[in-house]
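Both complexes below contain subunit A, partnered by subunit B and then by subunit C.
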Partner chain A sequence: MAAPIAIQLEFGGGAELLFDGLKKHHVTLPTQTEPWDVKQLLVWIQRNLLKERPELFVQGDSVRPGILVLINDADWELMGELDYQLQDHDNVVFISTLHGG
Partner chain B sequence: MCQVNEEYHDGLEQAQVPGVSKKCVKCKEASAAVVIRAGDAYCRGCFKEYFIHKFRAMLGKNRIIFPGEKVLLAVSGGPSSCSMLSQVQEGLSQNAHKKLRFLPGIVFIDESGVLGQSLEERQKTVSELQAVFRATGFPFHMVPLEQVLEVPSSVVVTAPSPSDQPASAYKAAVDRFIQRDSSCPTSQEQKERSLPVVQEAHTRLLQQLVGSAKTLTAKQDLLNTLKQHLLVHTARTEGYSKVMLGDNCTRLAVKLLTSISVGRGAQLAQDTGFSDTRYGDIILVRPMREYSAKEIAFYNHMFSVASVFVPSLDTKSTEKASIQRLTESFVTKLQTEFPSTVSTIYRTSEKLQTSCRSSSTAEPSDRCLLCVCAMDTAVEDASAFQATLTSVQLSQVKVPGSCSTKVPGLNQAPVELQAPAPSGQCCSSGGGGGEDCGRAERGGSCCSSTEKPEAIDLKSLLCYSCQLTIKDMSSVECLPQYILSEAKRRQRRSQMREDISEFLLCDGDGDDS
Partner chain C sequence: MPVLCSCCAEKRAVLKRPKTGHSLCKECFFCAFEEEVNQTIVSAKLFKPGERVGIAASGGKDSTVLAHVMKLLNERYNYGLELMLLSVDEGITGYRDDSLETVKRNEQQYELPLTIVSYEELYGWTMDAIVKQVGLKNNCTFCGVFRRQALDRGAIMLKVDKICTGHNADDVAETVLMNVLRGDIARLRRCTAISTASEGEAVVPRCKPLKYAYEKEIVLYAYFKKLDYFSTECIYSPNAYRGYARTFLKDLESVRSSSIIDIIHSGENLSVREGVKMPVQGTCNRCGYISSQTLCKSCVLLEGLNRGLPKLGIGKHNRLHHKILSRQPLSEKEERKLKSAEF
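So, the complex of A and B:
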């Protein structure tokens, strides 16, 4: 059993519009049997945070193409992308590069 | 706690080392923070250096901006143009020989009136941007798009360029500037132009104009055209000779494919090149065209470059809402799987450059009334333009009296129309498959104009692509006065030329007579 972890989520480039216009969110991911990875985080965000139009944020298992992800200020491509295992106090940033958000 | 419908592949999961493990490919010391091209991972410090160097290299290579020249930075509030602004600041703060030596000013065009935003919302965006601009110390101009209704007709006429300066002139200018620079440091006093009061009637006119375009594709196209006219006008009245635009490589790749889809093939080079000379005296420059959207987003995030989110026509629209939007999602999807997509398309645009030289030498009268590019309509029979023309003619021969009457709005076809122009039609007008028709209702209300005595045949004054845009409008009477009066002027002129043609010694010389 993994203990609950507290992380900070940040949305920018217009992606924040899908989250009530709020850029920063401090969230606690509940205890679950498996350690939390980014793939599960995306599911959690969809269920608990996303206010509208999920297709503008996620596509399939991953984020919508054109949305960049940074984990602790580094490109998620360097961190294992969807498989990265989240740690307590991690900072995950989503930036939309799409025109008009 | 457990989530029932989730599957976890325990066996397949690889042991993940948390934290960054890869080293920077450049300094080979610090740990990597951003993957630029496939496999090239840079650390924070090297990425910053690379980013800053690229900007200066771009301007240095092209040698188009002269020392001491007044340059207007078009900042929309978006990440790309805000990044451009920060690079100019960075460049001006450098020490002597790396220093940028032009005099920047900022312009922001506020198009939110078109989106029906309230005055409070507009003011909020404007004051957020003003805070960013004030911090730069550069003079800035906040211009509501409504002002485009008051620009003179000359904005759509290519002005003569102030003598072509040879390459040697550049060096001389640098030397002169350095001498002057050492005696008195260039400090412009910061002038501010806050948003002038906007007349409600003007906002409504603008909304009607954009509303009269039936498709989002045409709306965006029209809006971009008006914005560009207003930019050029602002540059002229405020004494700037260059306008810097923030188009990045990703955006230009999308623009390139979009341009092809909407029939702007002939104007590609001007639309996406480093410098754009269509207006003659004012040159549009795109110094951000070698940065990808990703590089910009990372730089802005890492080095706290402020940008302000400004909603646009296509905010939160679906990916099939317009051709621009669809192309964007096509390119970004490809890009995630094939990271060299954008750069490949971009390099294609570089190669197109040479094939379209003629557009810089065309006479003002041979230029499109809207986009001010050289006309592409004098082409052989096998072109898309001719095909469209033929199909339009064919479909006009027999107009079934019933519901499917198609009124092409602007061309006074020699066909008696049985039915009155159906104002509410939107989806029925074919061609725009998959277009967002939701906002079309407004179309009919404003422009219920009947045939005026002096009907304007805009068609002959427009390039192929702008003709298509205009065709998507329910009425051309909504166009701003400066466009309509220039259209009338050109029409009268060509009429006059026709009238006296038999007295002319040599015809078709194209010179303004």
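So, the complex of A and C:
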């Protein structure tokens, strides 16, 4: 059994608009049999935080292309992407690049 | 396991570069990003010492990074440029007024003088007022056409020699795709050019120093440098066709990240066979701006707004231009066709 973990989520670059305009969220992921990975986190976010237009955030079982993900301030492409196993106190940032200037 | 920087082999890598696949630490990334923009500027000879250069600034990620990097490189490499910020206020409450606040902060942060030109002062119409008349279907046409000319007018007011814009690699690739999809051969041929030639007095040459910079890197540069930028959607309907091209491109990029630079490469190396009919550039009979028609698009759109015929500039109504120029009355049928707005 994996104990519940507390993590910080941040949404920026316009992605926050899909989450009531809120940029920072402190969340606790509940106990489950498997360790939490980013793939499961995305499902959890979709069920618990995402307020509108899910198609602008998720595509298939990943984020929509054009949304950058940083885990503890490093590109998730260096961290195993969806398979990264979340640790207590991790910080995950989602930045949309899809908004114009 | 943290990945080490493939450049310095000392610090923890923070990103994987889409263009090269290299994993870099923060410092090596800043260095590589800035150096590549410098290379772009130097090898394309974008500027000459002593020039006055206007940076088109919207407060968004691209122009904020552009202003930051231009200021930094101008000092680091002694370009000898006099830089200033130029913004356009389209008059969109809740969107542009907020982003202009960001530009005003950038003015302080980068110590670059800022000039704002507004649609209201230039055309007598804000976008809010235009949308009230034309509806949400074609308003992006008005905004795009007016913005292009507004930047030129602002640049002439400021007596700048050049304007640089924040168009990035993704934008250029997207435009190549759009021009292919629309069969717009004239634009397809010139859209990958890094700078536009001077096209007469009403048009100030433009260039794109970030032409080869990936959007991902621009956003991460802004993020790691903690640059102050504004990001929200325009409150009026987004340009749907561009949206499809953009989504397609992002999907391609997620499968193969070189797609973006590859599309630009294709665009750069296309040559149009002889005998393809191209519009001949002339000047607008009314305002003197470049135009391939008797009246420029901006004057036609404005005439339509002022006469309560919003569809005048939407679609092909070229044969009505002489009637407008000579101020002849339109027939009832013509009026009806041009009046209806779509919401």
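A few remarks follow.
Convention: the second predicted complex is superposed on the first by the 99 of 101 C-alpha atoms of A that agree within 3 Å, B and C clash if a C-alpha of one lies under 4 Å from a C-alpha of the other, contacts with A are read in each partner's own complex, and residues count from 1 in each chain.
Methods note: contacts are C-beta pairs under 8 Å (C-beta built on N, C-alpha and C of every residue); 3 or more make two chains touch, one makes a residue touch a chain.
These numbers were taken from a predicted model, which means no experiment stands behind them.
Once subunit A is used to superpose the two complexes, subunit B occupies space that clashes with subunit C. When the two complexes are overlaid on their common chain A, residue A:97 makes contact with subunit B and with subunit C alike. Using the contact criterion defined above for the overlaid structures, shared-chain residue A:31 touches subunit B, although it does not reach subunit C. Once chain A of one complex is fitted onto chain A of the other, the partner contacts of A:65 extend to both subunit B and subunit C. Judged by the touch definition given at the top, the superposed model places A:13 against both subunit B and subunit C. In the superposition on chain A, A:77 makes contact with both subunit B and subunit C. Counting residues of subunit A touched by each partner, subunit B versus subunit C, the larger count belongs to B. In the superposition on chain A, the residues of subunit A contacting both subunit B and subunit C are 12-14, 17, 65-66, 68, 70, 73-75, 77-78, 93, 95, 97-101. Within the complex formed with subunit A, the subunit B residues making contact are 1-3, 6, 8, 10, 13-14, 16, 18-22, 31-35, 41, 44, 79, 250-251, 254, 293-294, 296-298, 301-302, 309, 311-318, 324-325, 328-329, 332-333, 335-336. Residues 12-14, 16-17, 30-34, 40, 43, 53, 55-56, 65-66, 68, 70, 72-75, 77-80, 83-85, 87, 93, 95, 97-101 of subunit A are the ones touching subunit B in the complex. Residues 2-3, 12-16, 23, 58-64, 99, 166, 170, 215-216, 218-220, 223, 229-234, 246-247, 250-251, 253-254 of subunit C are the ones touching subunit A in the complex. For subunit A in complex with subunit C, the residues that touch the partner chain are 12-14, 17, 64-66, 68, 70, 73-75, 77-78, 93, 95-101.
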